[in-house]
Amino acid sequence: MTGLEVEHLGTGYGTTQVVTDVSLSVEPGQIVAIFGRNGVGKTTLLRGIMGYLPLSCGRVLLDGEPISGKRTHVIVRAGVGYAAQERSIFSDLTVETNLKLARQGGDNREEEAMLNCFPRIRERMTQKAGTLSGGEQKMLIAVRTLANASRVAILDEIVEGVQPGLLGMFQEAVRRASSRGLSILLVEQHLNYALPLAHDFIVMSSGRVVEAGPVTGSSREQIERHLVL
Amino acid sequence: MTITILNSFFGVAVLILSAAGLVVVFGLMKVVNFAHGEAMMLGAYVALIARDWMPFWLGIVVAGIGIGVLGVVIERLLIRRLYRRILDTILATWGLGLLIRELIGAFDPGYSSLDAPFDAPVSILGSDFSAYRLFIIAFAAVLLTAMWVIERFTSLGKTVRAVISDPDLARGIGINVDRVYALSFGTGWLLAGVAGALLAPMVTIAPTMGGNFLVGGFLTTILAGPTLLGIGPAAGLLGGTGGIFATIADATTASIAVLVVAMIAMKIKDSRSGR
Amino acid sequence: MLKRNTFAVATVAAGMLLAACSSGSTSGTESASTAASQPETATSASMAPASMAPSAPLKVGVVTSLTGPAAIYGPPVQATVELAMKQINDLGGVNGQPIEIIIADDGSNPTTGAKAVSKLLEQDGVNALVAMTDSATREGFISQVEESGIPFVYTTLYEGGACLPNMFVIGEVPAQYDPIYKSFVTDVGAKKVFFIGHDYVWPQTVFPLAQKSIESAGGKVVGQELVPFGTSDFGAILKKAQDAGADSIVTGLVGGDFGAFVKNWRQSGMDKSTKQLSLTMTDDYAQALGAAAAGIYGGFGYFAGVDTPANKAMIAAYKAANPDAFSQNTLTEATYDGIQALAKAANAAGTTEASALIKALAGIQLPDSPRGALTIDAKTHHATATMHLLVADETGTYSLVKAFPDVSPGEQCSF
């Protein structure tokens, strides 16, 4: 099996178990979206996958090889890009330096392609990242993550706070990354943005998967039932 | 007047030398290295022992490399287990310092003396001033400039700044933060070793000598804040205060004045940063 | 007060290192007795005067710093005490019995010091005590000593004024420096003197007395600066001395700071324009400084170069027993004198009983002490002895400028 696989993952903070028995898989070129209300453990799950948190059970496989237990930077260097939900830019460094630091090799063709999706970022190269608007910061994070991921990209609420008019840009960028074979895992509140992208969806509640399946015409209703509750 | 100003510059230079390693370690790792004084002491001893084998300057290099490698080893064995536990790192490094001091004390409880490579004074605007002091001032200026250039303009410096501002994010973009920590701890010890070796010809070399530099080094580090470059103004403020009060009053008043100014400066800094 | 680390003793000598290590392995108290090699036999008892019943052997407890910050002083004191014991026993012991010495470590602090003295008094049952410790440690056990009533000989250079009926002092007190200061003015030519010392009781006591002596000899004190412990940058102070027009400096700096001062003084070029009299540079410290000590004056009751047969013989014996050790200094030699005084008093009294020993110690004379003739005044319980004005050469070795025999300790105690 190729792509990202998560098997019976359990993790949390200290002795507090937040995520229990989550399994999912994202094949190359596939986009999977995770939905759920605030505080149900979506971000914790991602932090577990990324090696920020120790797993209490289960494992994570990348192209069939276990990566759980490895350190975060090793997982990243293995080709897993991660855009954390919180303001994950170096605000004192320039946009250019922010991108440069994340470059895994000399080749930045993908970066160029991503910058074409977000031309505003190209105009802001020499500015300090902290001076960008909230939406622009999200663009920077998207460029950085999608350009440098070679196998999997994990995006945690990448369009949070982004003007609705700009959502298309992000969708375009994610599609482009997907089309070159990345497995993409989205965590979203924003159904209008994520549903048109996703092939599969997952709904989490209280740290568990409560609903999962391919995205169909009735998916929105299924998901919203969990979100309003 | 010339001499008084130069003496103040010298005070600033000593602060820069004794704080440089601390600032690197604290700025990057948020680890307060209470064994820093002992790292300086070890540097002085390396220079003392090296005297019989090689020129003074080579001894400085050996001291830096030797103490730096020791720092990396200590990071691996001890500090790595204690990240983000500030109190634990304080206790661990304090204990480590004590251990090093006692260990050296078992071999050399006494007082040794190392001659400066040039001891004679030079004449500046008609007044005699120690040539070695001038060299220390120049060295501190070069060190500060080098730190500035590295932090601002090299990719290493950018990596370091990234790790300082958000270690988790740095990991998330593939930076090996643990290695950066090990190297910065090593660099901190390297700088301490060089500082100890350079200052050795001006003091008495003894197991307890590190304590003399620690207070000034800590005050400078706390004032310098998280960036490496804060060390310049911080050392300038404290060293300048010390120099002025040592001249218009006495040494005891000067050390009190330095403490008071440090506290006021920290208050101002805190209120500015909104804490 | 002789503060911890007061007289920094250099320990470049490997022998001292060995001594320190071996003492470290048996920290606490240890017996330095060689009694085992001289069993108490009927023959040795018969050596006592026939008219007297054989008295108890003289058992001396010696307290000094074998561990802790002052651990640089203890090991050479221990080696010196062992020499004294061997010499006394080779000459037939005390009252026909070998003298026994038990060394106890004060750990360089009053608490450990008091414990060490308790053990010597209660467990070992010593009948005399000798201490080479700083004043704080001495004050920590002095009440025990007073209660015990056994003779106590204090062999440390100190600030003076400690008085007990059973306490005797061999070691310089500030009043004895009067001829040193006067000679520094008249013989060395110090006219405008600047004082630099650490900010604590000993320089505070010593400097006013020094000023009196210097002024009575026609010199002038142009300034004084007291610095905190841990000062290593004397740049501003040297500038003040220069601005005050000083032609000489008297230093009362202890520990490593003194070495730092000497380097500051040299590197600033002030060594060309000023003479320096150090009150703390013992023989071994001067040796450690080497060429940096050249031309610095010192004043002590004893230095290794005292030109008497007694001193030469003593140093030769010490070096034979401790080939790698540094020679004697004023602290070790005073302790040697302390043991000798006790042995002589016990021989004179014919007993080791406390009151008889105390009576014999008051006014006892050691005409052949390595430092020169020495008398413990019956009235003050402090020693009248020779003082030496010294100057160090390029190798850091002291030579004599002038000796002042029979210098009185002044008003100390009145018994």
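Should a chain be cited, it is by its letter among A, B and C, assigned in written order, with residues numbered from 1 in that chain.
Everything below uses one rule, namely that a residue touches a chain if its C-beta (ideal position, glycine included) is under 8 Å from a C-beta of that chain, and two chains touch if they have at least 3 such contacts.
As the structure is a computational prediction, the values presented were derived from the model and not from experiment.
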item: Central chain (distance from its CA mean to the mean of all protein CA atoms); value: B
item: Most widely separated chain from subunit C, with each centre as the mean of CA atoms; value: A
item: Distance between chain centroids, defined by C-alpha means - subunit B, subunit C (Å); value: 38
item: Rounded Å distance, subunit A centre to subunit C centre (Cα mean); value: 77
item: Centroid spacing, where centroids are CA-atom means, of subunit A and subunit B in whole angstrom; value: 42
item: Complex contact set, residues of subunit B against subunit C; value: 3-4, 7, 10-11, 14, 105-113, 115-116, 119-121, 128-133, 201-206, 208-209, 211-212, 243, 246-247, 250-252, 254-255
item: In the complex, subunit B residues that touch subunit A; value: 155, 158-159, 161-162, 165-166, 168-178
item: In the complex, subunit A residues that touch subunit B; value: 50, 52, 71-73, 76-77, 82, 84, 88-93, 97, 100-102, 104, 144, 148
item: Residue numbers on subunit C that touch subunit B, as the complex places them; value: 8-12, 16-17, 20-21, 24, 69, 71-72, 199, 225-228, 230-233, 235-237, 239-240, 255-260, 263-264, 266-270, 285, 288-292
